[in-house]
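Below you'll find the structures, each written out as structure tokens.
Paired with chain B in one complex and with chain C in the other, chain A is shared by the two complexes that follow.
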Partner chain A sequence: MSDVRREATPEHARVSILRGSSDGGTRSAAVGALLAGGTLALGISAPWVSPFDPLAIVGPSLSPPSLQHLLGTDALGRDLWSGIVWGARASWLIGLTTALMTAAIGVLVGIASGLRGGRTDHVLMRVTEFFQALPRFFLVILVLAMFGAGMDRVVLVLALTSWTGLARVVRSEVMSLREHDFVAAARAAGATELQVAVGEILPNVLPVVTVLFGLTVGRVMLIEASLSFLGLGDPSVVSWGALAGQGQAFLRSAWWLATFPGAAIAASVLGLNLLGDALNERWATGE
Partner chain B sequence: MIDAQQAPLLSIENLVVTFDTPGHGPAVDGASLDVRGGEVVGLVGSSGAGKSLTALAVLGLLPPSARVTQGSIRFAGVDVLKADQETLRRLRGQEVGTVFQDPLSALHPCMPVGAQVIEGLAWNRGSRLARERGTAAALLRDVGLPDPDVWSSRYPHEWSGGMRQRALMATALAQDPSLLIVDEPTTALDVTTQAQLLELLRGLQADRGMAVLLITHDLGVVAELADRLYVMDAGRVVESGSVGDVFDHARHPATRFLVRGRVPSRDATHRRSRTESPTLGKTLDVHAVVAPPGDAGLGVDTTAGEAPALEVQDLSVRFGGTRAVASVDLLIREGGALGLVGESGCGKSTIARAIVGLEAGATGRIRVDGRDVLTASPSELRKIRRIVQVVWQDPHASLNPRRSVGWAVARPLRVHRLIGRTKARLRARELLERVGLPGFYASRRPHELSGGERQRVAIARALALQPRLLVLDEPFSALDAALRAGLLQLLDELRRELGVAYLLISHDLSVVRAIVETVAVAYLGRVVEQGRATTVFSRPAHPYTQALFSATPVDHPRDRGSAARIILDGEVPSAARRPSGCAFRTRCWKAQTACVERVPDLLSHLDADHAVACLFPGAEGEADILRPGSLPHEGAAPYNR
Partner chain C sequence: MTRRYVLERLVQLIPTVAGILLVSFILIQAAPGDPILALAGEHGDEAYYAAMREHFALDEPIATRLLTYVERLARGDLGMSRSQGRPVSVVVWERVPATLLLTGTALLFSSAVGVLLGVLTALRRGSGWDLAANAITLGLYAAPVFWVGQVALLVFAMGVGLFPAFGMRDPDPAGGWSAAALDTLRHLALPALVLASQQLAGVARVTRTTVSRELGKDYVRAAYAKGLPGRIVLTRHALRLALLPVVTLVGHRVGYLLGGAVVVESIFGWPGLGTLLLSSLQSRDAPVVLGIFLLVAGVVVLANLVTDLLYGLLDPRVRYV
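Then we have the complex of A and B:
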């Protein structure tokens, strides 16, 4: 038995060699987790960490950062720190819900397409291409223009236009997975297609889905920020994009107004990207 | 021939190689060995014993995370460990030739093979590429490549495994090295191709008088070639001596493990007698019998009457326009065992997949326990798949990397909703213990297990549903020879206790011989010979069977050269270009014009239980007389002994 176990040694050694080279990966994962996790925690704890109502006038207009108002106030005298904290909540909410819907549709389409192949694959891929060809930003603006501003429709339109990339990646992953013996083994044991998809395929595509999930959250945050920046967001919701957009007018006189919301967006998206890359690298090198 | 007093060409003393990873002991732990000029030295051990690392250290090619911490390596007076890069480079190119295990990854995929051989030559000689063209062609001819001018311009993927290995050998030989290091040279090759390459290596060594360091886990290869032998285990040399001595008086457990791992082949088929299965209490047939079609009475067991466990009739499988399997008939009685033997491309695995209904292009009839597989509805197929289970070839690929071992083992039970989650967990542990693994392995992931353990897990999974028929597709090919014996014993035990019928698919005759009663030999998708194992093994009638048997390495160095060896020309053709008539004719020394024109039927030969598909079936003993090189026919043996 001892001989049997020894057989495994060099393989393990090799894995740790690879790990050794990805030390930078671990560090960037930590930085990413700190940045993304920080803003997420801010959003979750908004009611407790924001000193004021973000829409209420609580101080002098355009006062620079001070102990009273940590990040200063805007032209109407609203507290910017409170705005950013509540903005985190809005950005994360919209990012996460959109990414969840995206992942759900993408995984469903990707697995069905990759596992069934043939006609199913053909039809689903044409549908994917249709959605891929839609000009996303333009569509959102159109919907907002027609039905009025609102988070719900932004989420819906973004989710409907964002799942295509994920579906394609999952599909290609599944196409290579389905040739593996363990899939044949499950089928030969009498597993139904659904049992194969859920039991064998799904856990193997989860890593790539997780990575893409993080990247999608980041991308949606950016789009939402752009929309709000252009004034197409929901006026009753404080978001980073809206804050930055409003602050833009005072770029010379009140630098803090555009800078801090912009930094918050950058930090979150950068954090998510770093985290995604690090996870991707970790999983690509095996476990 | 070898002067014992002569100073060794290569001398490794007390070599210690450690990896940077903490928590691991040295990978090579005080190994010492000598290779004298002109001798063939075998370096043997299970995988992970430190053989390859030792060789890499000689070449100064250790992986970056490995370091030599102690000892010395001297090659022809040069201290390898202290030599500078330039000396090492010259040493590698000109004094020491190396052939690595995997010829595909050793060749650049985007460059014609000829160009790669030429490039190697030019580097070492510092000459122009164009000037080496002729030399390269000559080298390729030396290593037995039939048409170097044509093949040189083709890319590695167009070359077969055996040809690639020859090309690597040509590169290694380019500078007339005084030492050739070959690392598992034939592990990836078919048996008949292995025989060709061993023959080639033997010839080259004799012609050039170079020393060879032969690294392998297969004692058969050593028994064929080596003069002396070192056995490594856990980084140490545990035994050494002349080949004969070590085979006869193996002292160290590791050596005995390896020697035992070579399945004793003689008489194995005679020793079994089965009466009752203790667990199922069913009386079982002692023999499984093969019944060729359209020949009533042939091969029908006298005890017949019980439904056969597997009945395959006129099975063909097409992939697009290619016929991978062509009218195959097989029959296994309940509790019987049939060995399906053949090399790559013979359709073995395709047949296995077809039996469990995984080949869409299958036509003919497959009945498992009386139920027709090919016409079954999805729900019927699910029922059939409770009766037949498969153990797949590669235990690394057949277990889901993201699922625990226990999950995998209980999966068939869960798939059929036969058992709840908690019960499944208990049952998985029982099954693991049944195949000799500790129950706590249930919570491990496949990557934490060794190859042998993984294959046990695969067997446990296959047994979960208590199948009537187990299809074993090359169950040992991913395993060290040393681990085979244990698994074989396990299979034999399980069969006796559970009364499972086996379809054992393998290219390894010794494995088949040890376990089955009937054998079918396949070549390019057709069964060319079948019958009782005792008959087929003692009197093989089809030339391919004869060649296959003859190609198997000897069990003991004393048998070296005892029987004339049949070395076939070339390799198995692609199924997409199946030769007309008898598919084997392109490599057969008996081939005549009639063989081109018609496909020989599988007809009984001498004995009702023995069927052969050959127009000129040979009687026993003929293998000794007829040799490819001795007969004038087109495309004669590419090299002479």
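Then we have the complex of A and C:
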């Protein structure tokens, strides 16, 4: 028995943190869609719903929320609501880009591992474990130290280190799928390995990939926000984390600066988690 | 659990550790421009540049560089910090106790309270308490740690004035040893709670799921049917299996916790590895950043190992022959 580690933490040990929350899932799905969809819509429609240029000085310094400035202004007199709206765009863009790359790698590794089995599986799972053991947050900071600041490298490092969970789940799905008759039928009809993977396996793992995709977007948003909060993001881009970081210095005098950007992140991630949870429950029970 | 399992698990450490060393080595080599500038910053003096060139063997062929890198690390030699002019290992090591105190407290607190909350809500599923706990843990699990920290500061430090907002101890604490300990504890409470919050939510949710699942199983019903009191069934039977996924969760999230500690330390001015990491990044002191990365990676690998061994020890179903 060579594959000790995999057995040491079998899939049954990996319990979803979100599972078991719902009432059949409909209500939490609706709330989730509202929260996540709301901030996503804000980001998409930023040029139209943002009253001011988020970087322009448009009001008095540190003015509390008012009709003029819905969420108040920062120390330079910039409108916080406009910043939040444009921050939605940045957060979602980074979350979606990273999660797409993550999903691509995870699906590729998971299908290759599950379908081929044997030596390929063994090697790929070792590689997966290695990436799982890398402390992501600290790796990003090391990369920033060596290569200088920039969002491109943050996205790249997060994508290259976030696919492991997805690959594991896809792999175990594929392992049970490949025993099914429809796969054998496709093989008997002369389908190549690639045709089986793309035509038969891929459509069947898409539900679970969708769920994990949503959760990954949320997780990436959180990490990116933390980095930007610490001032390690792109200074020319308005992001929720950066806004919250700038608010830190004015915690005593301007509570709104620190409160609203963090709430926007929490709302988006909560929405994505609720949505993923509800979809998961629905598909798992085959409704 | 057999000796063979332990041995194989140990052998598996080799490629992981080698991979971590290789990744960090490649990052140093691949830095744009002259690697010495990426490593030593632009404001170092010639003597420091020369020492760094020598330390990372930058004038040697790549194979020698790799060998030198690994050999020096094996001796615990992480080079010199430019901004502090002292060995990186010393600079990093000084900060370990503070971070250990913060993350250790958060780890213990989140595990204990998380399990307790999970068990209680599993036993009272559908009750008002369960629903409230569910909403709170869902929220905490989605909230960025800095936001939890900021809100906690606004409410408990600046609002109610219950806890100090900054640092690890008062500059000039009156009284003796016990007063100093109490002072540190007062400073520790808020950052540790904030750092624990997300982990606590995760542990509580997983525990609730697994405990409810175990409680529905035949062996639990059989234990009840035998006439065993509920407390015994819960602690001796159901909890033992239900806690396995919790062990995995806690053990495999040590890296997250340390990442969260960087943010929490920055918010609360906690003088640990996190604040050192950020100040080193600002002063372009790459050897310190590298040293902290390697230390954290080592801790994560070790935590994973301990988790897997513990799992093998706890789970009667895991037998390796």
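Definition applied: the second predicted complex is superposed on the first by the 262 of 287 C-alpha atoms of A that agree within 3 Å, B and C clash if a C-alpha of one lies under 4 Å from a C-alpha of the other, contacts with A are read in each partner's own complex, and residues count from 1 in each chain.
In this section, contacts are C-beta pairs under 8 Å (C-beta built on N, C-alpha and C of every residue); 3 or more make two chains touch, one makes a residue touch a chain.
Source: prediction; values computed, not measured.
Legend: residue contacts after superposition of the two complexes on their common chain; A:L194 is shown touching neither chain B nor chain C. By the touch criterion stated above, A:A258 is placed in contact with chain C alone, chain B being left untouched.
When the shared chain is aligned, chain C comes close enough to touch A:A145, but chain B does not.
Residue by residue along chain A, chain B and chain C are tallied for touches, and C comes out ahead. Once the two complexes are laid over each other on the shared chain, residue contacts for A:A186 go to chain B alone; chain C is not touched. Of the two partner chains placed by superposition, A:L67 touches none, neither chain B nor chain C. Shared-chain residue A:P203: touches chain B; no touch with chain C. Chain A uses residues 4-5, 7-9, 13, 16-17, 20 to touch chain B in one structure and chain C in the other.
Residues 1-2, 4-5, 7-9, 13-21, 126, 129-130, 132-139, 141-148, 218, 222-223, 225-226, 229-230, 232, 241, 244-245, 247-248, 251-252, 255, 258-259, 261-263, 265-266, 269-270, 273-274 of chain A are the ones touching chain C in the complex.
Residues 3-10, 12-13, 16-17, 20, 180-182, 184-192, 195, 199-200, 203-204, 206, 286-287 of chain A are the ones touching chain B in the complex.
Contact residues of chain B toward chain A in the complex are 19-21, 24, 27, 46-49, 63-65, 233-234, 254, 257, 353, 356, 358, 378, 381-383, 385-386, 388-390, 392-394, 397-403, 408, 411-412, 415-416, 447-453, 458, 461, 465, 480, 482-483.
For chain C in complex with chain A, the touching residues are 5, 8-9, 12, 15-16, 19-20, 23-24, 27-28, 30-32, 38-39, 134, 138-139, 141-147, 150-151, 153-154, 158, 201-202, 205-206, 208-210, 212, 244-245, 248-249, 252, 255-256, 258-260, 262-263, 266-267, 277-278, 280-281, 284, 286, 289-290, 292-293, 296-297, 300-301, 304, 307-308, 311-312, 318, 320-321.
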